[in-house]
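After this come two complexes, each holding chain A, first together with chain B and then together with chain C.
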Partner chain A sequence: MTWLSAWWHLTWARGRWPQRAAALWLLLVLGAALLAPLGGYAVGADVDLTAASQGPSLAHWLGTDHLGRDVAWRLALACQAFVGPGLVAAVVAGVLGVLPAAVAGLVGGGVALGLRYLTAVVATLPRFVLVLLLLMIYGDSAPLLGAAIGLAYAPELSEAVYGRVEELRRADFLETSLAHGVSWWRLLFLHVLVGAAGGLVARHLLRAFAFTVVLESTLSYLGGFGVQEPWPSWGNMLVFEWGRGLGVAQIAPAAMLLFTVGACASVAGWAGGERHVR
Partner chain B sequence: MVGPLATRALWGLATLVGAVTGMFGLMVLAPGDPIDLLPNAEAVRPVLAAEWALDQPAPVRLGRWWGRLLSGELGVSLSYRPGMPVAELVWAAAPPTALRVLGALATVLALGTALAWHTSRGERGPSRAVAQATSLVPLFLAVHAVVASLNGGAFALMEAGWIDRPGWFALPDQASLLRTTTSVLLLAVASGSLAEVHADLEVALAELRRSPFVVAARARGESTTALLLRHLLPRLCTVAAGRLAMLLGGAIVVEKLMLLPGAGAMLWNAALVRDYELVLGLSFVAAAAVVLGRFLSDAARLFLDPRWREVTG
Partner chain C sequence: MSADDRLVLEGLQVQAGSRHLVRGVGLTVRGGEVVGLVGPSGSGKTLTARALLGLVDFAPGVVAADLTLTCEGRDHRPYDPLPTRRTEREHAFREVRGALLGYLPQDAPGSLDPAQRVGRPIEAVAARAGQPGDARVWLERAGFSADEAPVVLQRFPHQLSGGMAQRVAIALALARGSRFLVADEPTTGLDAAVQRQLVHTFRRLADEGLGVLIVTHDLRWLAQVAHHVHILDQGTIAETLSASALRPEHATTEVGRRLLGAVGRMRSRGFP
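So, the complex of A and B:
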């Protein structure tokens, strides 16, 4: 309960209403990804040309696309396309980017040099190129997309954590804690990773999630990789309505994408402490 | 200065070797026979099995691959342009992408500096919000919106009889100055490029404005513009090197969506038909460009900032 209370005071209670709304939006997206598949909407059997390109109504809250498919249902189902890979990406980036960098930052010397070399090697390839390379070699699947994005994002997280921990290496409180017999691992996890770099890590993990949302939509929009029709993704929903005028079927996925990326940025700033110029 | 520069050159070379070895390792670790994944597997199997030495252990294959790379050979395209040397394809496609990326880099640095100059004074205004808003728009969505608006607007004006068919209509099908300029601007501004460059430079400029030497110059009544810009240059070099990899990735999206010729669109199309040799060749060139960019940035910074020379020397 103490942890929950501390989290509440440090995050939710400090946030302003746009940041709280952004956090609720992300929870809504997560809920849609989990619950929409249980709604019984039959993807592939939902074509109804008699109801093509309709506007919003009680039967179809956000109208239909040019094949008569319900836009609201497809938007909700499309959350599955990035939520799973986004969580995988955050876990992979966290595993590869946080602990090794924290250990290297504290230990320094050859370990730090080795880690910085590996980070530089991965960062040498542009992220999109690395993801494309992995999808081409190992096949296009949602877990692999998440893992590839996690790997591509890890260098940025690793550099940030390494920099923060290296700054702390000679901090008085660390030396004092060690002198008082606090174990090295407790110091690393509790004081360094959670206390000093927790906000930084949270901000980067949210950015990795947002990067997954954008990259998955991009791949599905371009076609060939990512989610393929008839399965929905915000990217392929947008391109599917290309050249058919500006309707809800085209505006809705674009708006969802912007809201979600914006929500990630807002919550990331909240979690990590925004950079201010005074 | 030669010592730190040589160290950086060695570091860059070592990371490139690591990246190329890593790419080869990804191929070797792939489950099953890589040739099976090719669309024309049976046709190319005898040639590829010999070329890739699939019966040999991985280190031997890696050695052969490096030998080939060092002699300037990147292999032969398997399915994108079957039989064509990859080096020939890459050297034909790389220059337009390089120009596009360098143009976008110059644009984003200029725009980012101008915005940061304004916002680092701490004055309230819409500039920061505008820069941050651009970070929310994915590149593909920005291209989609701009191309649809240009085409839709032109079509509406033509329907109304106000204009004749413009030379660039419809945008993705025609080569034009408008298409080139639009692609460079979109690459520079969308997907967070402008927002990140602005944020980096804003912090750097705010720190510079508070520096004792700038405060002293201001107290003497001197103009600080040239002083600030001179001290911002080393930071600009670092920011430019950091943006290069992102812009190279963005070039894939822009070239593919705006039907522009270049290495980005070629990489996407080659990945779709699993042309390993061509994708590896293009990835190698992208990695080499990033390494070269980092080295040039470090060299420029060493030249421009004597303090950094002392720290790293």
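So, the complex of A and C:
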């Protein structure tokens, strides 16, 4: 609870209203991903041509698409498409990118050299290409999409964490903690990763999540990968309404994408706020 | 802490590559004693202090040293055998750091964990050392009043002044149960009033039995708090004087006369 109290003071209490609104938006998206499937909306049996391309109403809050399907429900259900893979991506990127880099940053020497060589090799592949390759080789599924994105994002996170830890290795407060008898492992986990570098890690994991949102929407927009019709994804909702006039059914998924990615960026910047480490 | 506690350093040699930075330095600090270590810049003062804590981290670093910490009748000798790798050094100093030897670095605000309120590390350190876990106790021992301590322990390091951060750093060392304290330039960035407070704090801690080694350039301040002073020059101890004899006419070496003469000249321009 003390760490929570510290985080509260250093993040939420310092945030301005756009950042807090962005955080609430992300919580809303997460809530939609968890609760919308419980709402009983029948995907696949929701076609109603008599209600096609209607505007917002009490029955359909954001109107309907050209097949008469409720846009609001489908937007909410579409959150599942990237929340699951996004969380998997964050975990995979965290495991692959944070711990080895932190140890390398503290230990230095050959361990650091080896890790940096490995991350440089993986980083030469464009992330989108790497993800597509992995999906083509191992099949297209939500967990695999998340794992592939996590793997593709890990080098960037690894470099950031390594640089931060290597800088902190010489920080006075680490040396003082060592002089007071604190063990290296406790220093690494509590003081470096959670305390001093926690904001940096949170920022990058949020970016990985935002990347998942964009990538999943892109894959389902292009077709062949990602979520396929009749299951909704913001990407396939966009492409499905293409060329049918600029209505809510087309604007809404685009707006959701914009707000969600923007919210991730806003909260990422907020989470990575200054720690006054000299 | 007791007057029987003793820190004895003999034959310290520190090298950076082939350059000899510290050559055969030896000193003794007893429980309840304040010992000063002064000298021109680059004379090896901070290296000596860091060598006591096993914090010399370049190659080959400490090439010879005989360090004995005697507490409660038990001897601790972290340089026996001489560690040649960092892991060996960390293992050798594990028992000494914190439990016996505390550290007050030059940059006191920077030495505190920036992501925690200052009370938390004090409590954590005290709990690990089996000491009373109330941070207020240690903050008051470090010089905060009973009214100030509850306020200070809720603050983050960036919310503290230099003097407050210095006292929090002292509280951390005391909470660990250290028998000796190595203070590196403790008056850096502090105004005269806070420096005066620090004199009282160190004197009180020495009266309680803490052994203190102070590395500093501030001879005038050191004269108020130390029992005796070693003057270091080019990696060796040039001479040792008692604090009451810190005058150029008592110095027997050129470096001693130069250092003490500089303080004398400042005094003659009307500085207190």
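FYI, the second predicted complex is superposed on the first by the 272 of 278 C-alpha atoms of A that agree within 3 Å, B and C clash if a C-alpha of one lies under 4 Å from a C-alpha of the other, contacts with A are read in each partner's own complex, and residues count from 1 in each chain.
Everything below uses one rule, namely that a residue touches a chain if its C-beta (ideal position, glycine included) is under 8 Å from a C-beta of that chain, and two chains touch if they have at least 3 such contacts.
Since the structure is predicted, the reported quantities are computational estimates derived from the model, not experimental observations.
In this superposed model built on chain A, chain B and chain C occupy separate space and fit side by side.
Panel annotation: after superposition on the shared chain A, the angle at the CA centre of chain A between chain B and chain C (CA centres) reads 100 degrees, nearest 10. In the superposition on chain A, A:221 makes contact with chain B only, not with chain C.
More residues of chain A are in touch with B than with the other of chain B and chain C. When the two complexes are overlaid on their common chain A, residue A:171 makes contact with chain C while staying clear of chain B. Residue contacts after overlaying the shared chain place A:47 against neither chain B nor chain C. Looking at the shared chain after the overlay, A:135 reaches chain B, while chain C stays out of its contact range.
In the overlay built on the shared chain, the residue A:258 is in contact with chain B alone; chain C does not reach it. Figure legend note: chain B and chain C, brought together by superposition on chain A, show a least Cα distance of 19 Å.
When the two complexes are superposed on chain A, the residues of chain A that touch both chain B and chain C are 275, 277-278. Across the complex, chain B is touched by residues 117-118, 120-129, 132-139, 214, 217-218, 221-222, 224-225, 235, 238-239, 242, 246, 254, 257-258, 261-262, 265, 275, 277-278 of chain A.
Partner chain C is touched in their complex by these residues of chain A: 2-3, 5-6, 9-10, 171-173, 175-182, 184, 191, 194-196, 198, 275-278. Across the complex, chain B meets chain A through its residues 11, 14-16, 18-19, 22-23, 26-27, 30-31, 34, 37, 119-120, 122, 132, 135-141, 144-145, 148, 152, 191, 199, 202-203, 206, 245-246, 248-250, 252-253, 256-257, 267-268, 271-272, 274, 276, 279-280, 282-283, 286-287, 290-291. Against chain A, in their complex, chain C makes its touches with residues 53, 55, 90, 94, 97-99, 101-103, 105-107, 109-117, 120-121, 125, 128, 156-158, 169, 172-173, 176.
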